[in-house]
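Okay, so chain A shows up in both of these, paired with chain B first and chain C after.
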Partner chain A sequence: MADPSEAKGEGSLRKAFGGVLGVFILLLIGTLAFSIRLFSVIKYESVIHEFDPYFNYRVTQFLTKNGIYDFWNWFDDRTWYPLGRVIGGTVYPGLTLTAGSIWWLLNNLNIPLSVETVCVFTAPIFSANAAWATYLLTKEVKGTGAGLTAAALLAMVPSYISRSVAGSYDNEAVAIFALIFTFYLYIKTLNTGSLFYATLNALSYFYMVCSWGGYTFIINLIPMHVLLCIVTGRYSSRLYIAYAPLVVLGTLLASLVPVVGFNAVMTSEHFASFLVFIILHVVAFVYYIKGILSPKMFKVAMTLVVTIGIAVCSAVLAILIALVASSPTKGWSGRSLSLLDPTYASKYIPIIASVSEHQPPTWPSYFMDINVLAFLVPAGIVACFLPLSDASSFVILYIATSVYFSGVMVRLMLVLAPAACIMSGIALSEAFDAFTRSIKFQLPKLFEASPSDAGDTNRGTQDEPTKVDNNTPTEKTEATVKERPSEKHRKKEKKKLEKGKEIKEKGKENADKVSNKPLNAKKLLVLPLEASAVAILLLIILGAFYVVHCVWAAAEAYSAPSIVLTSHSHDGLHVFDDFREAYAWLKHNTDVDDKVASWWDYGYQTTAMANRTVIVDNNTWNNTHIATVGTAMSSPEKPAWDIFNSLDVKYVLVVFGGLVGYSSDDINKFLWMVRIGGGVFPHIREPDYLRDGQYRIDAHATPTMLNCLMYKLSYYRFVETDGKGFDRVRGTEIGKKHFRLTHFEEVFTTHHWMVRIYKLKSPKNRIRGKSKKKTNPKTTSKINSNKNVKKNPWQ
Partner chain B sequence: METQRRRVAEEMAISIQITAVLLLLITGGAAGRSADDLVAELKSLRSQSPSGVIHLDDRLVSSFLTSVGTPRPYSLLIFFDANQLRSKAELRLPHLHSEFSLLSASFAAHHKDDASSSRIFFCDVEFEESQQSFDLFGVSSVPHVRLVPASTRSLRDSIPMDQSEFSRGAESMAEFLESKTKISLGGAILRPPRVSLRQVLFLLAAILISAPFLIRRILDGDTLIHDQRLWMSLALFVYFFGVSGTMHNIIHNMPMVLPDRNNPDRLIFFYQGSGMQLGAEGFAIGFLYMVVGLVLAFVTHLLVRFRSISAQRGFMLVGMLLAYWAVSKVIYLDNWKTGYSIHSFRPKSWW
Partner chain C sequence: MAKSSSSDAQALIRSLRSAYAATPTKLKIIDLYVVYAITTAVIQIVYMGIVGSFPFNSFLSGILSCVGTAVLAVCLRIQVNKENKEFKDLSPERAFADFVLCNLVLHLVIMNFLG
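Showing the complex of A and B:
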């Protein structure tokens, strides 16, 4: 085991050089992770993306303006009118606080960045952090080489890019970093048995709880691993130190987050950790007794302890089951239930099933999101079993659970991505190790002598067995490196004992290796030279394909902010900036207290960009409220007007893509409005909107469909655009072309007709309206359109 | 040919109707049978079947529906079944029929002895033995469920249940029933538990008895769970299960293969379009995903220990060819399925 003393100087120099190189590579990886996410800024502009980020942005603005205490107590009356929403208590504050502190720090350093800029670039910064955390985690499992490879892979894995491009200011951006870092600290504690890292681990877990609801993954995965270790006979005091403080401190800290609160001890998601906590103590007690008793006495005591342990466990279990069974959803939240029973959501919760990212993925999604990593992971899994350590068993468990969960919901691909990167990093690193080793030890001999046949090479390898033993990192030596620090920290035992124990611990798995050692030492673990060279070339091509794919995905697939749309056609680039046009119109032309109704997708954007009160938004906490809006949209004009009027709504906003072919518009989402509305108000029935089970808006559509508010608001005056009313999304002419609105009036339609805003007519005006028709601005617009100068009256 | 048969069938139906009318006129018995008799007869028929679904044939259809003057004292919910089509998986006839039976059994359980139990009866009709009844109702395709309300005179006017209404199982059939007949089911659908009470008790006893032995073996450290190969194959299997999109197939009930519409002899294994996949397709790609990784693992961990250099060379050649083929196949299929064309970004001056 001891290094030869003469090689020590050279070794330390090499080590220092390796360290510097490693840091340099890590810096480059960080730069790569940051810069690959800037496509959205380069191609579009520095703007917040999509829906949820707008809410986070608004909260951050509030935080920076009013301070932390006001933020904590913030009751938002701009949303969910008339209910409002307690923001401080219902939001995961991690992201907001992170971006807020970055902004505060920069401002105190006299770097005056706007809040928006900080928010836009938070996600890329944290992906660099995540890459570094991946390095640390993988290094703990399989050494530096694997760590660097995994970090490089994670820096550009498409699945993570999709959630962390510049402008995608969402919880996942910081949460993935927190997730990997928590796992790293857990493994670090497990390898060292240090309480310092255990405390850090609890703090990191706290940050994760602050950031994302996905923290339940951690608090279930780590207990599972602990249980696995116990069951497979891998219990050690390090395991105890790694787990017990995490549960105690972690749970206490988690309950400090308002949105979690007592859920940290009351819901079933957390029960597994407590159960394992108890089991761990029982097992620790058994090991303790075993240490102080003679084997015979121990056998007697064992029976006693096992009986008591089982009794206590079953009692606790019974209490838990009774508690859980008394709640209607058995204590599990809908989203977690749909993970365990995948068919649950599609059966019972349309609002979860309606979100496209909650659908189960097909195989192309895997290829799109983790690309060639999908090929490499099996090799990584196998590598982790040779030999199996505490750390490698954890990553195996991580990949197995995350791949199952990602199979249920495409959204959880995000959790799979780091695991896939770690596994592929290990696989690639081991493969490169084997191939480069083969070249390194056989290439010199190619020049020395001219070995023509196989036998010659074989003899050549047998010439220098000592060199082999020192330099080739076979699995055995690596395993020793892994086990040693932990042993050191435990107790000061005599060296002899330690060595004996070491062999005993590894004995089972490498029994053949140890016994074959003299034989193995003679045989260098190499492959044929030319085959290794070709294999390296193939691996490099595979890696190059991965890079090309990731850059393409970052540039083409995941960079669209979805608030500004572009399309390429033969006559150049078209930019559709209708959403911001509409929100700006609302902001400048309506009263500050006016209420705007729209489908919930546009709630966050309306409050953030137009600063107007909305009825429902993307935080879908109140199903009834959403169903009310859905019902209004599915009803004829008069009942819809009644519903909206009862909610004090003044403006109704619909998104319509029929003119430009924007497919995720309200007409395409309409069936979900019907379903969700019908879930609460039974007079809305889905079959009424379907002709023979088919959803259509052409001449064969049902009368209910043609008379509902959504149809009317979307297609009002649509026929004036081309004379036929051809819907480019549905690819058909609309069924009812000429109609008037009785209870609503059009007040604004954007450039490409993508957003249309209507005002509720007040009942008095409706009566007088008939006589005053001449002065109605609508007539002038009609003249305009007749002239056919421009179809849109608002230009 | 088909039309001819149909016409014949129609004529037969008419003649049967005529004979029914004649019978009615001649005997007067059918008309004379009181409503109570009919209900009692239906009830006795119902009690003969365990789920409470009455099996109707042409004779019973005429005696309970066509030959009874309206309003009848009962409504019938009829499931149209066809034995010859039961093997067709996409029609899901056996499944729907069992759902229908569940509905019937639940209804019977909730209305043991009250009045509404005699207001609605659940029946099924089989195509081969009662083709005339199918014609009477104008049913030309299965699966089909029809409600014959008490006041309906012509059977063709009875209310068909929409595809969407019965495809979601017994619950949606119950909704349909409640909305059309105003007879409430009176509770939830009573599904039989997956494991019966006796099985639960047996399992519990087995666990209790085996627990001491298991614990002892776990403490000794020699069980199946200490075998690493088991864990490895389990982990690899879970990975395979995930990446092949099996969850998608389970949740969406995807079939393994689809018959080709243009050419009935051929089967479609791969579905174009990224939102959906077929079962066999997923497994094939999952296999390709796995094979590359396993080859790599084999080469880096096992092959290096081989003594014979020529064997190493041979295995590596085969392995590399296999891996290359698998990767290129997946890339090709992915481009074909999703329609994406992945390209690199390079300076224009390069070429």
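Showing the complex of A and C:
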């Protein structure tokens, strides 16, 4: 046997080396997370992507220029004309305040980065932070090895990359970090029972509320977990310390954020936390009484309390149900309701149904977004049950709920990603542990000539990995006994990937019998040497596949800025920069106070880049206003002109992809204009635009379709491009080819005809001659009826 | 039946009282503080019932400050209680320091929200 002090010295040296290695690995993981998101900066340029980030960028610009008080009280009159928008009260300030403070700090350190650069690179920095937070969280659940694996997986998972590339300056970039960090602090409080971590937990929850509307996931998941712990008999005082201060402090902090305000106590999304708060107090009280009373007295107390309690509870419940049932949506907001009942949005709120991110995902999108993790997750779930602790039950609940929600909305695949990474990290780490232990245990046997049974046992105990040293023999027996069925289960999972497993299974059973004989006190799960080596190799190859897929997804699929498009053809790379061309034209050729009308997708970009007032934008808070624009786009020219004129609109912007084959253009979005407009103004009827249940723009289209404003503005002079008017997106020639515009005039079309800008023609002058006949009442009345009566554009 | 239940109730109350009298004085002080905080909260609710709930943020911050200090005091009691096996290596000074810190954060938020 080795000298115990020498072993201790060796052990501490190994621990120190392990610690340094761990820090180094974490640094590398952070660098990896940062650099894998830089593809779009390399391939295109350092530019803000998509639509929503432009709004955040504009708000950050305002913040850095005018300071925080003006930002808090900002009323924006350049959007939603003529209504305006209270920015201070309707935006989640976390992201803009974070980027603003980073910019301010760097500028005070004399590092003069522009606001745009800071905005573009905020997301990669916070994804590195999120990877480190995942390491901390998984370390609390299972240990350092699982933590490092989970962090490495999260750094690269495509689902998270898609919303946090350099340039995607959106709420989720910061919110996912806040989510994971809040969960870590909750688990840490649960494990240690320290009030200090409970305070930090509440502050981190506050940061999450500031950042994203998805904070309701936290404030519903944690109560669910507390309830689960109570129901499964895992109540402890640490649970009380972890949960009760969080509810009180968390509700207060959430009410501080203007967007949430009193919703923190009045909407149904928060009621779960209050209910569990009360239940927790009741349970805590019961445990306390149980502690100080004798069992007989406790029974008496119970019967007394139960009879009174049931009466009181049913009364309170009845009142509550009456209150909640009186409101039509039972107190839930539209978005939350559409999560619980996936068909709700399509029936009642077409705006929510029309956003492409709110559609349910298809099966391939799971493999695209979390790849290998999709089938490592079940192994991780099994590993979490052995042994089941508070922390691992939390992670199991997290993955179960996030899988459900990701099935409702594609956008919520993002919430699934950290859970999947944690589970897969646990699974991979446990697998590696088992294999390396087997190899380590059997390697000396390979070099020894003829090992005796006792010597074998001794060496086996010496060569054990450090984490096993502290366990008592009985614990290890239980652990290994429980591990065996999971090993079998996990082995069965990998059967689908690897071939020739039958031999290995038989070999494993033999090894079990062999290993059982020499070990009397400690039972170790030992797999045959060759099987373990091959299995480790195969796991590494699996990891390699995952890395290759993630890099490909980041480079090809998720790095498109969507404001600049490219296409490869036989004569090289074509770049379509039409959007910025159109916004620049607007900025330079129109008055500052001109109003621009377009479909709501382009609102944020128009205000940010062209700096012109828009009618509707991506915030979509006012359905009637959007329906007005939709009605105008679906009506013939004169009524559309009337509607736009009543809104003081000067320019109309239309996106058209027929010349180059850009399929996200306004004609493809037209069905939503009709539906949303028809939802508010009944004279727009969807069947008027459909031929055989389809929207068509060719010769078989309905006359309503061929006369509507969207058709005319998209296809005006289109026939001049190729003589036949062949629409590349719809794949047909257009129906009406030669027509003139009576109320609009074309002022600008971009290079590839992707954005077309029209100006409203001023109304015709009244003819002076007829005013002389004012004295004649008959003709005056006729003149009045002809010229001065404006038709109501809403009918 | 009623007599047995009332005598049961009396026996229950007696045993509760005797068991509670055995708790150390430190914990009884904390319990008193919790009762005081809850009473203040009840008084505020009654006041709101009389006067109406405008301004709502003041009412909310008042109620939640009472409930918050009560909850934190209960957490302190859990951590300081010698019978609690889980916290035997947590010094009462550290527990009190955590309690003070959490109260500081709570009251900072309250002052901000009070309006």
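Convention: the second predicted complex is superposed on the first by the 668 of 795 C-alpha atoms of A that agree within 3 Å, B and C clash if a C-alpha of one lies under 4 Å from a C-alpha of the other, contacts with A are read in each partner's own complex, and residues count from 1 in each chain.
Here, a contact is a pair of C-beta atoms (placed from the backbone, for glycine too) under 8 Å apart; a residue touches a chain by one contact, two chains touch by 3 or more.
Source: prediction; values computed, not measured.
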Chain B versus chain C as contact partner of A:431, first or second or both or neither: first
Partner chain in contact with A:531 - chain B first, chain C second, else both or neither: first
Which superposed partner A:202 touches (first chain B, second chain C, both, neither): second
Chain B versus chain C as contact partner of A:236, first or second or both or neither: second
Superposition-derived comparison: chain B or chain C, residues of chain A touched: B
Touching partner for A:693 - first (chain B), second (chain C), both, neither: first
List of chain C residues in touch with chain A within their complex: 5, 8-9, 11-12, 15-16, 19-20, 22-23, 56-57, 60-61, 64, 67-68, 71-72, 74-76, 78-79, 83-84, 86-87, 90, 95, 98-99, 101-102, 105-106, 109-110, 112-113
Complex contact set, residues of chain B against chain A: 162-165, 211-212, 215, 218-219, 221, 225-226, 228, 231-232, 234-236, 238-239, 241-248, 250-252, 274-277, 281-282, 285-286, 289-290, 292-294, 296-297, 299-301, 303-305, 307-310, 312-313, 316-317, 320, 323-324, 326-327, 330-331, 334, 337-338, 340, 342-345
Touching residues (chain side chain A, partner chain C) in the complex: 193-196, 198-199, 202-203, 236-238, 240-241, 244-245, 248-249, 251-253, 255-256, 262, 265, 284, 289, 291-294, 297, 300-301, 304
Contact footprint of chain B on chain A as seen in their complex: 231-233, 302, 306, 310, 342-343, 346, 359-368, 372, 374-383, 385-386, 388, 396, 399-400, 403-404, 406-408, 416, 427, 430-431, 433-434, 438, 454, 457-458, 509, 523, 525-528, 531-532, 534-535, 538, 542, 545, 548-549, 551-552, 555, 557, 686-687, 690, 693
